[in-house]
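Below are two complexes that have chain A in common, paired first with chain B and then with chain C.
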Partner chain A sequence: MNTSADTLLQTFPADADAERVAARDRFRLLGLPTPKQEAWKFTNLRPLEQFIAAAGKPANDAAPDIPAPLIDDSRRILIIDGRVDGDISVADPAGLSIEQGSHLMPEMGGKRAVRDLAIAMSEDGLRITVAADATVGQALELVFVGTGHRAGGHHFTLELSLAANADLTVVERHCGTQAYAATIASAIRLGDGARLRHVKVQDESQEAFHLADSAVEIGRDGTYERFILSVGARLARDEVHTSLNGQGSSVRLLGAYAGRGQQHLDHTTHIDHAVPNTTSHEVYKGVLDDRSRGVFQGGIKVMKDAQKTAGHQLNKALLLSPRAEIDSKPALEIYADDVVCSHGATAGEIDEDALFYLRARGIDAVTAKNLMVQAFLDEIFDGIADETLRDRLKDRVHAALQPGDNQDA
Partner chain B sequence: MAATAETIQQVKELGDRYKYGFSTDIESDMAPKGLSEDIVRFISAKKEEPEWLLEWRLKAYRHWLTMPEPEWAFVDFPQIDYQDAYYYAAPKTGDKPKSLDEVDPKLLETYAKLGIPLREQEVLAGVEGAPKVAVDAVFDSVSVGTTYKKQLEAKGIIFCAISEAVQTHPELVQKYLGSVVPAADNKHSCLNSAVFTDGSFVYIPKGVRCPMELSTYFRINQENTGQFERTLIIADEGSYVSYLEGCTAPMRDENQLHAAVVELIAMDDAEIKYSTVQNWYPGDENGKGGIYNFVTKRGACRGRNSKISWTQVETGSSITWKYPSCILQGDNSVGEFYSVAITNNCQQADTGTKMIHIGKNTRSTIISKGISAGRANQTYRGLVRIQPGAEGARNYTQCDSLLIGDRCGAHTVPYIETKNSGARVEHEATTSKISDEQLFYCRQRGLSDEEAVALIVNGFCREVMRELPMEFAVEATKLVGISLEGSVG
Partner chain C sequence: MLKIENLHVNVDGKEIIRGLDLEVPKGEVHAIMGPNGAGKSTLSYTLAGRDGYEVTDGKVTFQGRDLLDRKPEERAADGLFLGFQYPVEIPGVATLTFLKTAVNAVRRQRGLEEFDAMQFMKLVRGKAKDLNISDEMLKRPVNVGFSGGEKKRNEILQMVVLDPAFCLLDETDSGLDIDAMKVVADGVNALRGPERGMLIITHYQRLLDHIVPDRVHILAEGRIIESGDKDLALELEKKGYASFGTDRAA
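On to the complex of A and B.
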């Protein structure tokens, strides 16, 4: 019997519905994943278990720090410690509807531990839907703030559902102070021709644990563009399972991560090409300093008959310190022959020749190194259309790599 | 698509194309069926082995009983009934043959059919100046003859059956056996450690460059037998050896198990080149029969500047489970892995390599070409690990897959673990099919579909084929054609 699982499930509500009970039972049976499971080979949740075992004393009661918006005129919803804070009513709907409560589409997402935990234990959630043919001009910014006030952890479920030809931009931002464990399970469904731009910023407190699991289904000609910036948390895992279910659908997953100290940043993705003529494009780039460790696990699966699939996957890591580590597992599983799939992975340190070139032009070593790191990461940010947002995120990642970053606790 | 129909038609015809599918009727000396401590003792007694080796075997056997079957590979097969096989089968020739002349002529006939230059004087008669190849032939479970022994002995090279080495050079065997692949490494190597019957032993003394290719031909002949050979190659300081391994088996309806272990050890400045053309019986077009090829191959670059190079052409076996690996311990040591794996019909292959970088400035290159046709499934599974101390390590990996037909699968599962910032690791993989443009181009120039595909596939594999020793390259190129015959249209 896994005691951490029991601790996590302690406050399981008595009036939970059947789906939650099922999720709880699965989670209780299998417990938190361990590196013995192939999918968790590179990420050991022992620190989380220790945190759970030691927790019990909520931290101080300081008011949560609410960050300035990333998109100036966005519609903001605050979620503090896993609970929606304030009014979420939509004055000018234009096809957008936001409901509070945990509603995840139960048929989506498979049975994974993090998902089960979030579904079982979430006290709150959001269901965001966009009606057919509606283009929501105003970006939606979901700001998750962790304060460490709630012993153990907080859990949340997020459902995003776009009907045919709907269009939406969502910024999902996680930040906080103190130590806490946050899990979030998402279900994202795009109808035919729908388009979702999803920017996730994982900027949790450096003492926090962040475990996210997203399931995505994309219909005919639908497009899902995701960008994740991952700089926070002591241990973070962002897992995305995408299913390209309609012909002409496409997914683009971009990621930038920067680790320092003893951070552990895991990005796990899985893309199913279920039907012919689908496209996936995936690029993750990371910079790892000190004793931080990065994990990239990518999976592309091309089902039988999913001809004319194009799938590309790339992970590049720059190691700034001798003790940093990157583990990559970019896997391909292909059952159709008329496909063009590729993956690549590289790891290495900053090019000495390029550094020398810069220094020969009078640039000091620190600046030269920073320039190289910026150049390495900037390419990824080109995938963000909104210039203001792009610059703010770039600034954030560059700040995160400096020793005096204010997120340091 | 007409081509698809043609493919199906040709795949059907492929069943009788396995040219090594004959069996030889030779009386065999066999151990009783099944596996138990008594069988292990029986094998050891048959081989007149010293006490330490029996103990080693028994220890492995007892551990084997406790080990679960490895289930992580991308292969699917019914539970193996380990009790339903013979673990020892030796051609009955009375006393051990003193020379090749005393070997059962039927056996030699078998080898002639296999095209093995066992009687190399004849083979070489017409080929003036061709490189000599010393051959150790393993039939079912025992080595039946080693050629060119005298010439090798003159240089101090030991090349003999491992059972013979146990008697004549026990100190070397005891020192190195299991030092690269420990008995308990995995279920299959553990079984091998308990019941291995023969295999080759090679020792190249300091500073000696082996004057000829050393070669072993393995053949499973007897029904219901497993073959468990064990190969141990030690290249002492500054030496060089090139070793070839070939395998075939007759066509049989039931599956036969082949669980071999190969250990290579390279000391300072030594180089071992190990080439395999694996052509075990792959089963018929419906996946009936065929060899389960569960092999553990690993080389240790113990010394500075040492080099181990694996080249494999895998066309046979119904299931291949094989990861020739290099442990790069010595500074500046080099590991190489060149592989062509072809799966057709219902074949399954899960193969790849591991490069463990421990020493400074160690380098490794992995070139893997997978070709999957028919209903076959193939996986490249590889690990590149850069340990914290492997300053300046370098790895380049390229694994390409070619799919022929829409019912086959090609998978890539690389693990890349970098724990040193001074290392450079690059990995690339692609999966594609032969493009219509390429085919059109060749056909336009008067090649038939089959010729065009053979040309393109051989071009696809060229980087690996050119690593093979000349004698093997010819055979391997032909094998590529034969293995894919009928699968393309």
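On to the complex of A and C.
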């Protein structure tokens, strides 16, 4: 029988290196994750399997829809259906270097199915490095566009490596049209004192599947600030594994998600506090309408020696419809004793008293609801320093919640 | 201007308003007094159009038109303003944003041009000052962390900027000290005029020293049991609700 794993691996290259072969072998053996695995308990990839089984239908040949930049004067790199568009190689005196090609720091990230699939099947990748002490003033915007030309899916690997005291802002944006499956495996390494601001916008086609797996390692006094906005895809999972490996290192993970229709949006994070004096701060907020479903899994692990750890985690969901659903699973594993950790999850509905109050002031029910939803989400956007970017992302999420959103197929 | 005839209202299947008749002509200020639980807030919410307040019988006309089939936002645009006994907190929505959205929503429905940011600020600044409302308070989320007095002054500010034809104030005096009550009363009195009607709901007589009503009605057990001029309030204060045929304590 031809399993979906076999189908996905059909075009595996003959000249693959050992790392790829190993990833392929693991993936072939274990296949796509199923809800029987604890880490995938709330996300069933059955629709993806069905999509893969049905794939092979004639590809459309519409030109890719390239969106306007999110940051006006950024350096943009286009990745269309998993392949870097044009010649992008850079080795600039400011310390930024960008190389094309599929290679990931192999020792990073563990052996997870989505990583294995992306590593085995990627036809292209990017390695972005910033030299020690270099501050890259110009933001880097990676725009991934899916077109559905390649029905089977496309896969990509991304390596971001900042040497000591380097500083970079990256916007990673995923969008597209039609149906496709996209996977991306990332490896992010921050040297001592390095600082990375990473804004991910998951705005895939509403018919697409998006599976992302990131591994992050942070050295002494390094700072990783991540923000994800998730509004696209029929099924998306964004999984981030962060290791705070150096004293004084910190990570901030912020997320905003908005689901409509039958969207399934999964955010899974793991943070390892490996050494003393490390900090993690994590807040995700989601609005779920119709029959959409959100998943939040947040693991914090504090190793035995990691004293003076501060770890905070919160997921708040606003359910706009009785058929919308959120599954929140925080998991704290603490082996040190001198730590301050907290976690929380709330799910609520629109406050009817507030809704009536607004209406009694002349504001129609739809506008009143929008006002409250925006108020709920806006707080999380304060974590984005760039005002223009912040406003554009806010506009995007507010548009995504409107019934007539043109991204909604 | 506002005419209520034989109104019956159920809440959670229980009849709270039981055959209430009341008419407030334009240019007049009427007061409703009544013991706790008499149905004063139920009447207010019913008039403002809140869900869950089921009118089982009777009729309400506002400016000659049936009020009860209008949505809450339409009633506000028609010119009915309810000052809430318990103003609601709306986290994350700045008071100014809320006011501007409301004012423009109402103006749009009334066929008036919306205010731009400058016109709006000019309107609000002056009115806020009269009510002792600071710029800092206007930046805070609606009613969040406001004291009782601040909430009530915020209600009056909303009323003033929305320029209603009819003001319905539900226990606007509760939780106010004497100074705050004067500020609120001045705000209300400034709106009195030949084209405007008012219905002031209160539990105590003292507010009526500052806002002197044309008529006073006593509401008990879901209906008006007595009506009179302003002296009725004083009489009620002296004798208590019990002497007016209600067995509930004041």
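Structure notes:
Keep in mind that, in the parts below, the second predicted complex is superposed on the first by the 403 of 409 C-alpha atoms of A that agree within 3 Å, B and C clash if a C-alpha of one lies under 4 Å from a C-alpha of the other, contacts with A are read in each partner's own complex, and residues count from 1 in each chain.
Note that a contact is a pair of C-beta atoms (placed from the backbone, for glycine too) under 8 Å apart; a residue touches a chain by one contact, two chains touch by 3 or more.
Note that the structure is a prediction, hence the values are computed from the model and not measured.
Annotation: superposed three-chain arrangement on chain A; chain B versus chain C shows no clash, the two fitting side by side. Residue contacts after overlaying the shared chain place A:L29 against neither chain B nor chain C. Of the two partners chain B and chain C, it is B that touches the larger number of chain A residues. Of the two partner chains, chain B is the only one touched by A:I334; chain C is not. Of the two partner chains, chain C is the only one touched by A:L358; chain B is not. In the overlay built on the shared chain, the residue A:M372 is in contact with chain C alone; chain B does not reach it. In the superposed model, A:E349 lies in contact with chain B only, and not with chain C.
Taking all C-alpha atoms of chain B against all those of chain C in the superposed arrangement, the shortest distance found is 15 Å.
Within chain A, not a single residue is touched by chain B in the first complex and by chain C in the second. Contacts from chain B toward chain A in the complex involve residues 72, 386, 388, 401, 403-433.
The touching residues of chain A, counted against chain C in their complex, run 351-354, 356-365, 367, 371-372, 374-376, 378-379.
Taken together, the chain A residues at the contact with chain B in this complex read 38, 41-42, 304-305, 307, 317, 319-349. Residue ranges of chain C in contact with chain A, taken from their complex: 48-51, 71-73, 75-77, 82, 84, 87-93, 97-98, 101-102, 105-106, 109, 141, 158, 162.
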